[in-house]
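All remarks here apply to the structure that follows.
Labels run A, B, C, D, E, F and G following the written order; every chain starts at residue 1.
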């Protein structure tokens, strides 16, 4: 069920909280069973600073939570 | 047996304690065997501050404990 | 053998030490092979403070030790 | 071979060093393949302080080393 | 799907963020299912300092994210 | 191949570095596939202090490296 | 593919970065699928200090990266 929500979020914007407290936002392009994800147009927000990261392959075990943007 | 209590808590409010000490409250929509969960109307409480997070997919290995609200 | 002692502790009071040093006490309602547990009437003791948590689903990998109360 | 020494230590006193630096001493009653253990008459030594913990189910992945007492 | 993007990145430049906050850049030569990777012409950036590391075999569980360079 | 060197080290002196930075020296009596080990006449060196620990069952996942003594 | 580069590095000098930030250099004698390795003529470099460790069996999960020396 968590993976089916992830499935519905493909090609949509998501916000990700990582274990190191970084927040990434971007478009979810794909994922696998380990919650490895591909994110496009990724932006990292750190307080006021925004860093554009482009396409990112994210290792699932660094992810705390995923928030689909509406 | 822990999973069967989780089953009964679907569509009900739960409070979650995460490893990074954050407390999340919201409605449990679904879960899987790894305790990955989907929470709706999620609110993060941090001392006095409340942050509305909406729908959240939570990775199970960041969860310490789940308290069904009654 | 550790699980068989846990089996005998069902419906009895247990004290739990978690990795984050919190101590929980309550009635063990159920458990699974990963030492995920359901605890009822849970109280968290933190020095002098006691916090009533009610029913808690606890993820096994946060548990250091379980002490059946006699 | 490590498990066979553990087998010989059943019903004997052991000293355990945990990852959080606590030292526990007590009688080994049982164990399983994950090095989960049941210890009776457990005493926790913390510098000069001794705390009697009675019977304890210990999760194996918190254990650093086990010293059979002779 | 994350692995298929990695497949397309073979022989191209990638930027890697490691758990210890180091940033490595180089040419991805190969990888396996655990995200172990071989990187050539690797450069480690640490603030202003650049250290040339040459060919590096990287253990996947130290990787936070991989950014294909375009 | 790492395990075959361990096999040759049985009944010989080894020095062990643990994740908590402790150094143990003693005679390797046995081991298993997880690098759990039994060490006899174990001595823990901590700067200038030496502590005799006798026989120790060591959990493999606390071990960083093993140096056979020659 | 990462393991095949490791295969080519057998009997050659490698430099290893460990999770605890130690740097080891020596001749790679063997390895297994978990990246456990046997290193001979191992030297640990810590700033200016060099410590000769001789033969070392290294547990793979402490390794961040391996650099074959050319």
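As a convention for this text, contacts are C-beta pairs under 8 Å (C-beta built on N, C-alpha and C of every residue); 3 or more make two chains touch, one makes a residue touch a chain.
Here the structure is a predicted model, which means the values were calculated and not measured.
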Minimum number of chain-to-chain touching steps separating chain A from chain E: 1
Centre-of-Cα separation between chain E and chain B, whole angstrom: 34
Where chain A and chain D are represented by their mean Cα positions, the distance between them in whole Å: 43
In chain D, residues with contacts to at least two other chains: 61
Round-the-ring chain order [start: chain B; next: chain C]: B, C, D, F, G, E, A
Chain F residues touching chain G - in the complex, by the definition given at the top: 1-6, 19, 21, 35, 60-61, 63-68, 70
Of chain A, residues touching chain E in the complex: 18, 20, 29-32, 36-38, 53-59, 61-62
